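Multiple structures follow.
Below are two complexes that have chain A in common, paired first with chain B and then with chain C.
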Partner chain A sequence: MATDLSAAGRRRSRLQAEVQLLAQRYRDVSFDRQDASWVHIGRFPVPGGWNRPQVEILIDVPHGNPGYPSVAPQWFWTDRDLRTSDGRAIQHFFTSGGSSLADRSYTTKGWGHFCIHVTSWLPSSGLRIREGHNLLSYLDLIAAVFRDRQRLAGG
Partner chain B sequence: MNVEIVFPGPQWELLRRHLFEAVPDPDTRSIPGAPGAPSAPGTPGVDEGLAFALAAPVHSPAGVRLTVREILPARPQDLEHRSPVAIAPTADFVAAALTRCRQEGWSLIEAHSHPFDHGSGTTFSGVDWSSDRAKMPRVAGLLPENALHATMVLGRSHLDAHYYDRKSASIRPIHRVRVLGAVGAVGAVGGRVDAPQLLRITPTSSAATAPPTAPTAPRRRAWGRHRQDSGGAADDQRYDRQIPLIGRETQQQLAETTVAIVGLGGLGSFTALECAHLGVGRLVLVDPDTVEPSNLNRLIGATEAAVGRPKVEVYADLVRAVAPACTVDTVQDSILSSDALGPVRAADLVLGCVDSHGARLVLNQLAVQYVIPYLDAGSGARLDDAHRVSRLGGQVQAVLPGLGCLECRGFIDARRAAFDLAPQHIRSREIAHGYGTREPAPSVVFLNGLVASLLVAQTVQLLSGTTPTAHAGPVPAITLCDVLTPSLLPVAAGPVDACPTCGADGVTALADLSPLHSATASAPPPAVGRTGIGGRPDA
Partner chain C sequence: MGRYVINGEVVDVREDRPIGAHLKEAAGINGDDWVMVTMPNGQILRLPDQDPLPSEVTDVTIVPRYQYGH
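This part shows the complex of A and B:
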């Protein structure tokens, strides 16, 4: 079978492999097979202190060229009605999105937006995914964000 | 049409090793009377070797550049016959290579050796010509539309190459072969270890005897064929004082080189003018911005009258005033625009003078993907809590095959690069939420001058293959410049095999087969509560 050398083709191939890794840890994992521009985790567990035991996670995968994995994912979406169990608002979490049509296409589908930024990112090639940063590491960061509820909720 | 072939150092080394070392030599026959320069007395001859190279074609107004991605060495079972003076691949080996080319878009280069040839005039034999006349039209016709078919012959010290031109239905000379990046003893063009060059340019034998090819577009110079109007840059009186330092050949090389300068801030302004003074033949200037009053403390040569004008126009005028023979192309746009990518990807050398990590990442990938030497410069200052200068300096980094790249050296700021390269609506959203804004960084003219001069010195060093000053080594991967100490510190770096950009599975030499482009708004996302949209991992 011929190798798809385009940026989208190489990214699709990479995401396919990474999603296999994610599926070993999380349930209901899927990805954008056309543009390889997002990865979706249907059941992402969150620790106590939140108003639900699990959420959905949608990761924007940088899809320019250069794109993922050279460009780190920097923004993720989760259930818009996520709150702390005592109902407090969460810092860095935006439920209204931006003013653009693209953002509204998320918020109208029930997503809220987390601004959590990766500052250190050294990925490896598709042949050695686990040797560098990857979507699993990014989901580890997301899990750490949910564990940090006290700080996010301002108290 | 002018055509050149560019080999990353590791691919060149693999090819040379296969052609001259790995060929079994059971008979150790001598080759009396063989064409080309005779073997030295007592030197055993070996059979010819053969390999295919898969290369990506890069079409530009200056011609076609073939960037070599992969070498397919012919094993004994891949050869129909082999002798000290002839060699032919099996039909199966050719068919397998052609299938890869058709499916993936590659150009096909067939390379074979003349191991008996130690001279400096290596060229195709009569047998080679007969074979090429018969098979090149047929093979070329089986390649993808934009792809070329070329053949090369390598002697011990020199080479020749030509390609089949489908338009004129004739075999035309390839003008030069460039090898970029570190290679070992076997990879050196002359088979020697003594040259620590990171860039080797070898005009082919056929190009030396071929009539000059007319440029295909006005004011465009052909690769390797440019001569300044005065009849040769090295003869121009204006260079009398620098030729003793950099050498006549380097002066001519500068005149034949197209340098892209991306970013015309403090660093880029010095760099553009120094390149003009040096005698660079063609400059491609890229910057989206206009001159602002706050730029005038460091844009060397710019006056009050420049305020409000595009930087690229201001510096095109200044460069032309300094060096009328220099051709200047300008692109007032971002490096990710198609207007900028077109000429920059066709340049011989890219000098990065940008302050954006997104632009750095783009240039880094472009350099690796199009096999273009890239020298990146950056300068910076830091103030401590008492507002005293605590750090003042900069660095120049070389991105060349075998030296690694900015990405695997950890030099790219992940957060800033992701912001710079995000679609516009995401950048707007981030800014609306209070992210992605930065205070203007402090900058001063003398710091930019120091770092830019270091960048230009390394440009000369790279093009000359030796150094302008005695006893200096090859271009370092990283040179750190500390103004407060003051000191210059060269830092070594090597390839990282797992790098997603320059590693074994990276984008080296993919060229236009994987075009660079901006991210745009992505496909509509799934809705919350509707899991399972898109591809399942096990699908």
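This part shows the complex of A and C:
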């Protein structure tokens, strides 16, 4: 079978390799095998202080031109009914709205999103995935966000 | 020499009293990234490259630079 050298094909190959990396740390990892436009983590552990011990994570993979990995994921989606364990509202977490059709589609399907912007993203190319930023780096960032509960929930 | 859990993985650090830059080097992580440490009271702080790792931290995560949006 011929190698798909299109942008979507290259992104799909990259995601396939990255998902293998993610699966070494997280359980229940899957991705969009057709358009390479999302990665899903079924069981992402979160620290104490939230209303559940684990959440689902959906990463919207940039698939424009340029797309991932040149462009970092922006935002991430998680359980819409996420709360702190004492029921406080969460800053920078949204369960409605969104400017694009895709965003509205996700909120309609019951996802909420944290609005996080990566400001420095230096991916490596080709097979040297671990030498630069990758989805594991992004999930480390997500882990840091979940540890930042005091700031997000105001104390 | 010390052993730390960084980004969920055990990492050996040569220095007895490492600074932020030592942690990044030992973890093989991009020099531009931020070292985020969790304190016992739950507060999360960014550890500058030149600052020593507080002995009481409960977690170390090294992440791409980011900011919260609205």
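Operating definition for what follows: the second predicted complex is superposed on the first by the 151 of 155 C-alpha atoms of A that agree within 3 Å, B and C clash if a C-alpha of one lies under 4 Å from a C-alpha of the other, contacts with A are read in each partner's own complex, and residues count from 1 in each chain.
Here, a contact is a pair of C-beta atoms (placed from the backbone, for glycine too) under 8 Å apart; a residue touches a chain by one contact, two chains touch by 3 or more.
Please read all numbers here as calculations on a predicted model, not as lab measurements.
Peer 1: Looking at chain A, does chain B or chain C touch a larger number of its residues?
Peer 2: After superposing on chain A, more of chain A is contacted by B.
Peer 1: Can A:96 be said to touch chain B (first), chain C (second), both, or neither?
Peer 2: The answer is neither, since A:96 touches no partner chain.
Peer 1: Once chain A of both complexes is superposed, is A:35 in touch with chain B (first), chain C (second), both, or neither?
Peer 2: first
Peer 1: Between chain B and chain C, whom does A:60 touch in the aligned arrangement: first, second, both, or neither?
Peer 2: Only chain B; A:60 stays clear of chain C.
Peer 1: According to the stated criteria, A:6 is in contact with first (chain B), second (chain C), both, or neither; which is it?
Peer 2: Touch status of A:6: first partner only.
Peer 1: After the superposition on A, what does A:85 contact: first (chain B), second (chain C), both or neither?
Peer 2: It touches nothing on chain B or chain C.
Peer 1: According to the stated criteria, A:19 is in contact with first (chain B), second (chain C), both, or neither; which is it?
Peer 2: It touches chain B, and chain C stays clear.
Peer 1: Return first, second, both or neither, reflecting whether A:132 touches chain B, chain C, both chains, or no partner chain.
Peer 2: A:132 contacts both chain B and chain C.
Peer 1: Between chain B and chain C, whom does A:116 touch in the aligned arrangement: first, second, both, or neither?
Peer 2: The second partner, chain C, only.
Peer 1: Considering only the contact definition stated at the top, list the common interface residues of chain A for chain B and chain C.
Peer 2: 72, 75, 115, 117-122, 132
Peer 1: Across the complex, what residues on chain A touch chain B?
Peer 2: Touching chain B: residues 2-3, 5-7, 10, 16, 19-20, 22-23, 28-35, 37-38, 40, 42-43, 56, 58, 60-67, 69-75, 77, 79-80, 94, 97-103, 105-106, 109-111, 113, 115, 117-128, 131-132 of chain A.
Peer 1: Flag every residue of chain A that touches chain C in the complex, lowest number first.
Peer 2: Touch list, chain A to chain C: 25, 49, 72, 75, 91-92, 115-122, 130, 132-133, 136-138, 140-141, 143-144, 147-151.
Peer 1: Mind listing the chain C positions that touch chain A in their complex?
Peer 2: Those residues of chain C that touch chain A are 7-8, 28, 30, 32-33, 36, 38, 42-44, 59, 61-70.
Peer 1: Quick check on the complex: what are the chain B residues that touch chain A?
Peer 2: Interface residues on the chain B side: 100, 103-105, 336, 361-362, 364-365, 407-408, 410, 412-415, 417-419, 421-423, 425-426, 428-430, 432-433, 435, 497-501, 503-506, 510, 513-529, 531-539.
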